[in-house]
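Okay, got some structures for you below.
What follows is a pair of complexes built around chain A, which joins chain B in one and chain C in the other.
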Partner chain A sequence: MKESVPELLCMLGRDALPGPFRLEAGQALRLTLLALPGVSVDASLEVQLLGPGAELDLGGLYLCRSDERVRLSVRVRHEAGGAVSHQLLKGIVDGTARFSFDGLIYVAPDAQKTEAVQQNHSLLLSDSCQAETRPQLEIYADDVICSHGATLGHLNADEQFYMRSRGIPEEEARRLQMISFLSPVLSRLPEALQEECLAAL
Partner chain B sequence: MSRSNQTIDRFTSQEYKEGFVTQVAQEFVPKGLSEEIIRLISAKKDEPDWLLQFRLDAFRRWQKMTPPSWGHLHLPPIDFQDIIYYAAPKRPEDRPKEIDPALQETFDKLGIPIREREVLAGVRDKREVAVDAVFDSVSVATTFRKTLSEQGIIFCSFSEAVHEHPDLVRKYLASVVPVGDNFYAALNSDVFSDGSFCYVPKGVKCPMDLSSYFRINASGTGQFERTLIVADEGASLSYMEGCTAPMRDEHQLHAAVVEIVVEKDADVRYSTVQNWYPGDAEGRGGILNLVTKRGICRGSGSHLSWTQVETGSAVTWKYPSTILKGDFSSSEFYSVALTNNFQQADTGTKMIHLGRGTRSRIVSKGISAGRSENSYRGLVQMGPAADGARNYSQCDSLLIGSRCGAHTFPVIKGANPRATVEHEATTSKISEDQLFYLQSRGIAPEEAVALIVNGYAREVLQRLPMEFAVEAQKLLSVSLEGAVG
Partner chain C sequence: MSEYLLEINDLHASVSGKEILKGVSLCIAPGEVHAVMGPNGAGKSTLSAVLAGRPDYEVTAGTVLFRGRDLLALSPEERSWAGLFLSFQYPVEIPGVSITNFMKAAVNARRKARGLPELSAAEFLKLMKEKMALVQMKGEFARRELNVGFSGGEKKRNEIFQMAMIDPLFSILDETDSGLDVDALRIVADGVNALRSPEKAAIVITHYKRLLDYIRPDVVHILKEGRIVRTGGPELVEQIEKEGYEGIGA
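The block that comes next holds the complex of A and B.
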């Protein structure tokens, strides 16, 4: 059994981004990055997994509602086999904000039995915002399960219609959609911060 | 060594079957690249002044450019002064009516149906293919021109088009790939020798598949072909391209440019089976395939589909792209890229969504074996006016053996809150369960691998015209034999 996993929360723009992290065999890390509205930041994170059983669970949430410039760069390096990494970054881009994500999963030669997943999903809400995402896989071992997914999307009109036809006002419907979109990452935050994020939507 | 490993080795050490050299008398221009050489090439082809100026302008730009280095490739240094930029089979003053027997033999060996009577008898009822064959720097034969011209379709070599349809060539040349687009496109614009030109007029559906075969034969040369395809309003056509080269210890350069213009409601399908010489098992020699291909969906409702099977070349650097300018235009990119031994491929696509309601779909299947490197690199961009645009990309990599690399480098840019982009990629290997299942039913290991790989690539192979699909399937299993890990 794993000992209790250290949990780290990094409020971008307030805390310096920790790392680079080096996870030895059996070590685990659960890290959540948060960029609240009004925060412009250019941050890069590097995590190395150096032994079997090392585990990274990375969450990220960004709420860019006006004219923020947020750049995130995440490098996860599987230097040894048998390690696991999960990344999930989600956020909202609105106003004239710019968001960009640069993510790399590197699997060294002979790092067999690696499991690595990387996801980045953004909602674009205004005509003048821009989002860019570059999820990258660089893999030199064959017995691995690696995947990444990235989407840029908007609030689904069918869902909105459904809610509004049941008497939910438009603003409220949009809010509900955003909450449901963000909830997988939102749920990683302490309650007070969750409230703050919800209030910002 | 385990039996399955031996199978892999046998599979990966298959010989290249198109590696013969044809002995024909050839004429060359001197080695190297300079304004005089360009003037000489232009004079040999008896080109009008505007085209010479086009070349010289390109040359002046090219001199100021540097080769791109962002690819995930180890390119051997290329000495551009050590290449012969023009080689042509010698022939009488007038264009020969008959094909040189030696050339004919080459094309027979390649299995190219250059004679009308040979064309795909029995493959499909009354379905015919018009072929343009390019041997080193010149086009040697174009078939079915008469049948096509009855419908107003122009299908000829690029050199002929320059003389016979200068207005069309001038109008569309470099309209999709500008002269200074990139280093290799600029190089091509200096010295391009031949290629295919195709124009399908308004409302005409091309009754047969058009196809080009490219062959590098001479030693120390490069091939720089230029292909221009124009489908006018409501027209439709399907174009196929195949390429091979002899086995040599030296690297040979292939830097082509393909431009496709698709007007309103027109439909173009472009298929490639690329089988240039990939180099030997130690990574010596092979073609450096540095190619720029781009199409523009200019009018509303137009459609362009790219299908490629890449099994050859020592280095492949190729990104067939579509600019979706017309509203509700659509494009697809289906690709299978297979690398073995020391081959390197950095290939993918760009989908640039400018118009409303534009759609694109990307399906890329990479297969790496031996010590090869295989990368997918792509761009999906949603412009501010691309309301309701949509893209879906799927990039899968299959690794065979533990010394190869498989990489995915997509870039997604969005600037429209009503557009949707979805990208997903996975990496995996041939599962031992699948192999065991097939082998326990009496299927030999290499057949089992070929079966699995063909199944993996099926979504793409299905998109190829039938004649090509058969060839591509064969190529895949040849290049893959023995790849069980």
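The block that comes next holds the complex of A and C.
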């Protein structure tokens, strides 16, 4: 059994981004980044995985709704084999806000049996907001499982019609859709912060 | 006030500029169940989508009166508040939203629209339990994410559960039988039959006789190429079962 995983929460724009982190063999880190409305920030995170069994579980949630500029750069370096990194960053961009994500996964030549997953998904609510996502994979080992997925999307019309057909007004349906979209990252937050996020939708 | 609950008159509708409904007329009185049958592409699902107010479907001509009101002027949620319900052929999955939270939003929005206070937590739970029993859903069902990972049968039972929670005056069941095994079909049909009453009415859309063996229609319409080509009694169902849609209508 592993020791309990240290959990860190970083409120962007209020807390300084911690790190760089160096995870040795068997060490785990669960880190959640949160950017609430009203926050503009340019933050960089670096995590190195230095031995087998090292594990990074990174979550991120951003809500940018007026003229915020949120820029996030994450570098995950698998220097040794047999380590795992999971990244899931999701957020909603509205108004004239801009969000950008640069995500590098580096896998060293002898870091075999690496597992690295990176996901970044943004929901765009207005015509004048912008979101960019730049996944970068630099993989020099050949026996690895690495994947990345990135989407920029809008609220799904089928979901909306389904909810409205049940009598849920359009505004409330949109809110439920946003909760649905954010739910995998929302669930990482303590309850009080979940409430704060929901109130901001 | 009209004797009919729903009056569709010469309804034309298009999807992406292509005309699908080419003049549909039918009237349904309280207490009646009408079956709409027809081959693939006849416009059956378009008819149900247009009645429920799907935004990307364009009505190009005709009128629809629901309890004497212009249904087409209402938003999808206003149609629901007025008493209309659509059971979807393909219910939508909404991860991260539990059935309980979804139904709470739906039930209370409808109550608000009628000027009623929200249900208390205890009243709501009691209602949930009662309606879940109707479609034989177990307690953990209430906590599941809406339609996520549901089998075909569970999705359709969930539609009938929602119908029971909402208690509509007029229901449209769009191919509620598709993808159901015999047991699920019976549960769904029993659920629908339990909700029949002299004030309520329904349209049952289906390809097959199977569902209509359980939910007996008063009137049967055959929809083909966007028009109703034949209207009759339950005996029409038998005729189609024997002869197919080929020989019917123009």
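One rule holds for everything that comes next: the second predicted complex is superposed on the first by the 201 of 201 C-alpha atoms of A that agree within 3 Å, B and C clash if a C-alpha of one lies under 4 Å from a C-alpha of the other, contacts with A are read in each partner's own complex, and residues count from 1 in each chain.
Quick note on the criterion: contacts are C-beta pairs under 8 Å (C-beta built on N, C-alpha and C of every residue); 3 or more make two chains touch, one makes a residue touch a chain.
Since the structure is predicted, the reported quantities are computational estimates derived from the model, not experimental observations.
In the overlay built on the shared chain, the residue A:Cys146 is in contact with chain B alone; chain C does not reach it. In the superposition on chain A, A:Gln130 makes contact with chain B only, while chain C stays out of contact range. Of the two partner chains placed by superposition, only chain B is touched by A:Ser122; chain C is not. Chain A has more of its residues touched by B than by the other of chain B and chain C.
Legend: residue contacts after superposition of the two complexes on their common chain; A:Glu159 is shown touching chain C, with no touch to chain B.
Common to the chain B and chain C interfaces on chain A is no residue. Chain contact summary for the complex, chain A toward chain C: residues 157-159, 161-170, 172, 176-177, 179-184, 186. Interface residues of chain A facing chain B in the complex, by the touch rule stated above, are 109-110, 112, 122, 124-127, 129-154. Taken together, the chain C residues at the contact with chain A in this complex read 52-56, 75-77, 79-81, 85-86, 88, 91-92, 94-97, 101-102, 105-106, 109-110, 113, 162, 166. The touching residues of chain B, counted against chain A in their complex, run 72, 382, 384, 397, 399-429, 485.
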